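Accompanying notes for the structure given below.
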Amino acid sequence: MGKGRIEAFSDGVLAIIITIMVLELKVPHSENLQDLKPLIPVIISYVLSFIYIGIYWNNHHHMMQIVKKVNGSILWLNMHLLFWLSLIPFATAWMGENHFSKWPVILYGFILLMAAIAYYFLAHCLISFHGKESTLAAAIGKDKKGVISVIMYITGIILAFINSWFGFLIYVLVAFMWFIPDKRIEKKLDNN
Amino acid sequence: MGKGRIEAFSDGVLAIIITIMVLELKVPHSENLQDLKPLIPVIISYVLSFIYIGIYWNNHHHMMQIVKKVNGSILWLNMHLLFWLSLIPFATAWMGENHFSKWPVILYGFILLMAAIAYYFLAHCLISFHGKESTLAAAIGKDKKGVISVIMYITGIILAFINSWFGFLIYVLVAFMWFIPDKRIEKKLDNN
Amino acid sequence: MGKGRIEAFSDGVLAIIITIMVLELKVPHSENLQDLKPLIPVIISYVLSFIYIGIYWNNHHHMMQIVKKVNGSILWLNMHLLFWLSLIPFATAWMGENHFSKWPVILYGFILLMAAIAYYFLAHCLISFHGKESTLAAAIGKDKKGVISVIMYITGIILAFINSWFGFLIYVLVAFMWFIPDKRIEKKLDNN
Amino acid sequence: MGKGRIEAFSDGVLAIIITIMVLELKVPHSENLQDLKPLIPVIISYVLSFIYIGIYWNNHHHMMQIVKKVNGSILWLNMHLLFWLSLIPFATAWMGENHFSKWPVILYGFILLMAAIAYYFLAHCLISFHGKESTLAAAIGKDKKGVISVIMYITGIILAFINSWFGFLIYVLVAFMWFIPDKRIEKKLDNN
């Protein structure tokens, strides 16, 4: 089964998710500069989510490049990842509108956590389908970054119960960690 | 006539349908955990529709892989399928907001029924265009699953008049039945 | 210059237009069957526009299949066509919500007229770029259907001043006329 | 690393941006011609933004045609460009609804300025990745048009403090300047 259409569909969904988030930036009805002030937390929240979707797109892109074949389970694990990512616009808006208060930050972290777990399952199903000797298995390896992210999200969620800004800061840290595309895969591609 | 653009257009429409459904998850204006509570039925409804669109995308993907050519009628039967699927976000929101009450559940079932019939027509037009000896005809065969779905949707709609949860449960059952991608087609592809 | 990306972009825009129209089907807040009644004109209006966008996608698809190259002017004439088509969701919603009354029907016809003219310019620029001896020129020929459509839209707009239903009926007639994909092009493709 | 998916993702995002802008054209609830009058500035604003997104798509398309390879930084610089373009629907709506008054026009110009700078970074990163002797470097050359645009946007923003219409006029002028696709690249492509 070809991988072309799974890439096309994922790209479509990610492109829509990243763009409809902007619809939550409600246009103010008057024309003064200070009307933009209440939008500042919404914009900060939007920027973080934009980067997160960008990271997922980037890593998905990298991973799919060395994928050779897909099967039914992989299609569904990919849908599962897209499901959690599709909830990001909702959590982004709730977090931005409520100025990064406790429950919205916890929900945002929970959705990031579930998306990370979904990505982990997708990657490992792809590896087991391609075999432990495949380029893909070698490229992803032990997936330390994936495991660290999950631990950090959980930490962020717990800390958000104390002070929601701690949670937010940890989510920003994870984003930074992933910002750089997966060198492991790029290296492998150069070698082959 | 090539099948590439019909795949691209269908993927685009399905990607948008699956993503705009999330816009019906209205962001609550306050920041408490209990603000999410009224959203629970909307989310359940969203999950079911997400799975249904996923099923349609999956099966459409599988079927189109063994399609060799398309004609004008097939383009329009595909549009007809997309039309019914495009109404799913509306029915999903109505069903979720009204806690799975009678008429919304009936409407949801009716739209699923029409989509199933539209898919049936598309599949059978593709078969008659490729010939009864084609891989496609062999792969889809007598299409028992398609016929069973139609019967189940009708049963669900009728039962919803008695108790809407019966209807809902039957729609969930149909989704489970289709959850696994079409083994018949995968098998045929492996043989060729 | 390749034609692939112009097809991809047009498909994307048309897929979004056809799908966001459904957002104008506002979900009723109560759960009774009669709550759907005020939506009937909106749905009729939606069906007509869905068919129109389908027609444009179909014919665009057919025309682009025999296009060999594009240039800057063609990119912009294509954008011009997409601009008018992008206004269809607005006119559709206004017409549906106001039960096919005079001005909304006139505006809807005006936008269809402008889209038809935009398509005409696109087709003729493609012909002059490919040469009068090209397959494309032979396939489109004198474009009688395009000219008849323009005349019918104008007639529809004028009749709408008397009774808006006359205008609406004429738009339905034009849609029927175009419903069948362009046999001229399909025939030419078979010969080559 | 292939360029195909970066093109597909950018096309998707641009197609969605250009289409969701139309959602800001709020459908009037009554049926008279004068109900469209308050929409006139919103439509003017929409037309300008439609042309701008068209210009970006056009030039992106042209530039990507002679790109041979991409890397991680280029993926992110492309995301950065899409980020600023994704804010255009917001600025468009604010500017249109407030009849081109001071702060909305300044914000609109600021977003155009940031998008122009993002495009500049993307182009120059592509050049340095392909080498100074590459077709791409020769085609883009000193990028006078890019530099002039940045200067004009800044001028427009400053003039908008005096009279917002001056700013608006300058944005229209920049659009005209870019309206014609990049002849430099087209010429280079013909020579090779």
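A few points about this structure:
Letters A, B, C and D mark the chains in the order given here, with residues in each chain numbered from 1 onward.
Please note the rule applied: a contact is a pair of C-beta atoms (placed from the backbone, for glycine too) under 8 Å apart; a residue touches a chain by one contact, two chains touch by 3 or more.
Please read all numbers here as calculations on a predicted model, not as lab measurements.
A turn of 90° superposes the CA atoms of chain B on those of chain C, with the angle given to the nearest 5.
Annotation: the chain A:chain B pair of sequence copies touches via predominantly different residues, less than half of the used numbers being shared. With chains reduced to the mean position of their C-alpha atoms, the one farthest from chain A is C. For the pair chain A and chain B, the distance between C-alpha centroids works out to 26 Å.
If you average the Cα atoms of chain B and of chain D, the two centres end up 37 Å apart. In chain A, the residues that touch at least two other chains are 8, 12, 15-16, 20, 23. Every residue of chain A that touches chain D in the complex is listed here, in rising order: 7-8, 11-12, 14-16, 18-20, 22-23, 25, 27-33, 35-36, 47, 50, 54, 57-58, 61-62, 65, 179-181, 186, 189. By the touch rule above, chain B contacts chain C in their complex via residues 1-2, 5, 8-9, 12-13, 15-17, 20, 23-24, 71-72, 75-76, 79, 82-83, 86-87, 89-90, 93-94, 97-98, 101-104, 107.
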